[in-house]
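Structures are listed in the sections that come next.
After this come two complexes, each holding subunit A, first together with subunit B and then together with subunit C.
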Partner chain A sequence: MRCRTCGAPAIINMRHHKLSLCAAHFPDWVVKHTAKAIRKYRMFKPEDRILVAVSGGKDSLALWDVLLALGYHADGLYIDLGIDVGGGYSTRSRETTITFQESQPRTKLHIISIPNVYGESLAALAKRKRRTDRPCSLCGVIKRHEMNRIAMAEGYNVLATGHNLDDEAAILFANVLHWQIGYLRRQGPVLPADGEGLARKVKPFCRFYERETAAYVLVKGIDYIYEECPFAVGATSIRHKETLTRMEHASPGTKLQFYVNFLRAKKEGLLSSHDRARPDLRMCPQCGQPTTAETLCRFCRLWN
Partner chain B sequence: MRCRTCGAPAIINMRHHKLSLCAAHFPDWVVKHTAKAIRKYRMFKPEDRILVAVSGGKDSLALWDVLLALGYHADGLYIDLGIDVGGGYSTRSRETTITFQESQPRTKLHIISIPNVYGESLAALAKRKRRTDRPCSLCGVIKRHEMNRIAMAEGYNVLATGHNLDDEAAILFANVLHWQIGYLRRQGPVLPADGEGLARKVKPFCRFYERETAAYVLVKGIDYIYEECPFAVGATSIRHKETLTRMEHASPGTKLQFYVNFLRAKKEGLLSSHDRARPDLRMCPQCGQPTTAETLCRFCRLWN
Partner chain C sequence: MEVTYRDRTWTFDEALTVEQMLKRIDVLPESVLVVRDGTLVTEDQKLKPGDRVKVVGVISGG
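Now for the complex of A and B:
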C-alpha cells in the first residue's frame, strides 16, 4: 500500500475513495477536503468568527486544528458537565482540551462548568429528573443551550461541531428508522442562523469517516481522550453505528453514499414542503434564548 | 405462553403486538387482519377480480388461502422460469402450487412457462445477457411483465402479491440507503391502476412478519416450498433482511415501525411533489404493454 501522491508507505487506505496516503500527505488531504466541504456547503467565510465546540475527543480537536491551519478565526468552547465516573472523565477531557489550546497561540478557550454555573452535575440532574437511563438526551439539551448562549454572548456568529460521517450517518439512520420528518428536514452540514438569536451551526467534518479523523490526530500527534463518554455506553446511537459499520464492511462507501445521497435528494426536493427548516421560535422568558416551547425552554425547565 | 383469546397453549408470541395466540385463534387473527389491511389501504372491493401471483412459497399460498377464506374472487398465476438448479426448483414449486389449487374448488390457476413461451429459461437468458451474477433483476422484469399481461388478457383488474413485512422493510431499507426517491414514491401497499393497461397492484400481507405467514401455513397444513430460490442466495436483499432481523431482535417492532411510519410520513406529505407516483407511460410497440422506455419495453429487449 503506497501513497498515491509520493509513493511512500501509506498509513491509511480509504477504500470508498480508492485512495491510500502517507503520513505526510494524509493531513494535507484532510485540510484540503475540509476546505472543500466548507465551500461546497457554504458554511462560513474568512471574516466569520467561529466557536468550535470542543470535547477533548479526536473529532473536535482535529476540527479546531484544521480550521486554524486554514487560517480561520476559531476559538474553542469546552462545556464541563462534571462527569466523574470512568475515573474523572470530565476532568481529563478538560485538561486535554486546555493542553491543546496552550499549543495554539492566539486562540481562546471558553470553559463553562455546568456544576459551578447551575449547581448540579449531569449525573445529579439525571438522578433528580429520573433520567439516569438516558442522561444523553439531557446532555444534548444542555450543550445546545450553552453553545448558543456563549456564541451569542461572546460575539461568534458560527458554531462548529466535530460531527463526523459516522455520527451523521447514525443520526440519519435513527431519523429514517422512525421517519422523523422534522429532524430529517433539519439534518445537514449547515443549520442556518436565525435572526432571533440562534448562531449558524456547521459540521465541516460531516464527510470524514471516524477512522479518518482518528488517523489525523494520530499523525499530527494531538493528544485526545479516546474513550467514549461513560454515559454513552449502550446508547441506541452506538448500536446504530455498529449496524452501519457492519454494512460498510460488506460494502465500502455505504455510509458515505447513504449520507451524501440524502443531501442530494433533499436538494432535489425530498422533504420539501411549506414548512421552513426551522419551526417558529419565541423567546424563553427566563434565559432569553429562542425556543419552540410555549413557556420556559427545555434547558430552563431542567433547573426549575 | 397462553392464547389471549381462549387460554389454550399458544403457538406464536408476537412481541411487537404483545399478543400470543393458539393454533385455533391465530389463523382467524391473520384472516381478520388481512381484511383490515384491505380496508385500510382500500386495496379492492368484493366485486373485483383478483389475480394472485403464486410462487409455491408460504407467503403467496397463504395469501391465496386467506383471500378465498374472505370470499374474494381470487385466481392464481404461476410463472415457471425453468429454474432447474437446486434439484428442479421450478418443477417442485409448480407441483406444490397445483396441489394447493386442486384443494380449492372453484378456483383457476394460470400457468405460464417462460421457456415454452419465450424459448429460454431464466438461466439461459441470464447467460446470454451476461447477468449470471444478478439473475434476480431479470426475474423481476419477467414476472412484472407476465403478471400484468395475464391480468389484462384474462380480465383481472387487481394483481395481488404475497410480499410480507420483511420483504417490504428490506426493499424500503435498500431504497433509503440509496435515497431512490422514485422507488420510495412508488413503494406502498397499493400501486394504482393506470388507464393505459396496468392492473392495480396490492400487497395485503405487507404488515405481517415472515414468521407469521410461515406459522399460518404450518397451522393450516398447507404444503409449500420452503427453500429460497437458488438464484437468490447471496442477494443484497437477503443481507438487508439479516441486518433488519438483528435490529428487530434488539428492539421488537423495528421493522413494523419502520414500514408503518414510512407510510404515515408519506401520507403527511413526505416525498410529495409535482410528480405523480407513476412516471409517464407509452405503449411498447412489440408487446403493447405500458412502458417508460422510449422504444421497446425492458421485457421485450430481453428477447431481441
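Now for the complex of A and C:
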C-alpha cells in the first residue's frame, strides 16, 4: 500500500476512510483532523488556557503533543492515585508523563498525589468503601473532582481528555444498552461550563480510532505506558469494545457512524425535551465545587 | 519469522502477508498494529521468514 499524498510505502491503512498514509504524512493528518474537530464542535479558541488530563497512556500523551503542535496553551495534569498493586503502575505512568513533559520545555505539568493530599490510595479507599471488586466508579469521582479543582485553582478554563472514538462508542453502547437517558444527554465532544466553578470539558480525539492514536505515538516515537491499570482487567468497557471491533471488522466505519450519527441525531432534537446538559447545581459546603447533591458532594463524602 | 503478541510468541517458516499472519494468530487487524524492525506495516505487506514482528494491541480498558 502507498501513501495517498506522496506515494511512499504506507504505515497505516484506515479502511473506514479508504485512506493509507506514510510515516511523514500520517502525523500531519492527525494534527489537521484534530484541528478540524476542535473547530467543528467549537471546543476552544487560541486564547483559551487548556489543562490536559494525562495518564502516561497513548491517548493523553498524543493529545497533549497534538495540542502543542497546533500552538495552543496546553499544560498537563497527572493524578497519582497510588495504584501500586500489580507492580507500580502509578509510579511508572507518572515517570512516563514526566519524561514527556521534559521534552516540551514550554509546558507545565501539575502532579497531584491522592494518597499525599487525602491520606489514602485508591485501593485503600475502595477497601474502606467495600468496593474492591470495581474501584473504577470511585476513581471516576476522584478524577473528575480533582481535574476541575486544579483547573479552577490554576486558572484554566478548558479541561481536555484523551477519549478516543473507541472509548466514546463503547460508552454510547453501554448507555444505549441500559437507556441511560441522563448520560446520553450529556455524552458528546463538549460539556459546556454552564455554572460557576466548572471548567468546560472537551474531547478533541473523539473521532480518532484507538488504533490511530496508537499509531501516532509509535510513529512520533513518544514513549507511553503500554500496560493497563490493574483494575481495568475484566472491565465491561473492554467487552463492549471487543464486540464493536468485531462489527467494525465486518463493516468498516461502524464505530464512527454509530457515534457521529448519534451526535447528529442529538443536534436534530433527539433527547431534547429536557435538553439541559447539566442539572441544577448547588455549592458543596466543604470543597466549594458545584454539585447536584443536597449536602456534601460525592467526592467529599468519600473521605468522611 | 518470529511473532510476539502480549506474552506469547509464534514461529512461522513460510512467507505470509501481515493479514495472513494475523489470521493465524487469531487477531483482528482492527485491534492491533504490526511493527517490523521498528516500522509499522500495513496488512498487505509480505513478512519474510527471518523477520521479527511485534504485534501491538491498541484496545485499552478502564
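In the analysis below, the second predicted complex is superposed on the first by the 302 of 304 C-alpha atoms of A that agree within 3 Å, B and C clash if a C-alpha of one lies under 4 Å from a C-alpha of the other, contacts with A are read in each partner's own complex, and residues count from 1 in each chain.
Here is the rule we use: a contact is a pair of C-beta atoms (placed from the backbone, for glycine too) under 8 Å apart; a residue touches a chain by one contact, two chains touch by 3 or more.
On a predicted model such as this, the values are computed, not experimentally measured, just so you know.
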item: First, second, both or neither for A:A24, with subunit B first and subunit C second; value: neither
item: Touched partner set for A:A124, first subunit B, second subunit C, both or neither; value: neither
item: Partner chain(s) touched by A:F262 [first = subunit B, second = subunit C, both, neither]; value: first
item: Contacts of A:A293 with subunit B and subunit C, given as first, second, both or neither; value: neither
item: Subunit A residues touched by each partner, larger count belonging to subunit B or subunit C; value: C
item: Partner chain in contact with A:R246 - subunit B first, subunit C second, else both or neither; value: both
item: Subunit B versus subunit C as contact partner of A:A8, first or second or both or neither; value: neither
item: Partner chain in contact with A:M283 - subunit B first, subunit C second, else both or neither; value: neither
item: Contacts on subunit A seen with subunit B and repeated with subunit C across the two complexes; value: 246
item: Subunit C - residues contacting subunit A, complex; value: 28-33, 35, 39-45, 56, 58-62
item: Touching residues on subunit A, where the partner in the complex is subunit C; value: 1, 10-13, 20, 23, 57-59, 136, 166, 209-211, 214-215, 218-219, 226, 228-229, 231-233, 235, 237-238, 241-242, 245-246, 248-249
item: Subunit B - residues contacting subunit A, complex; value: 176-179, 181, 239, 243, 246-247, 250, 254, 257-258, 261-262, 264-265, 268-273
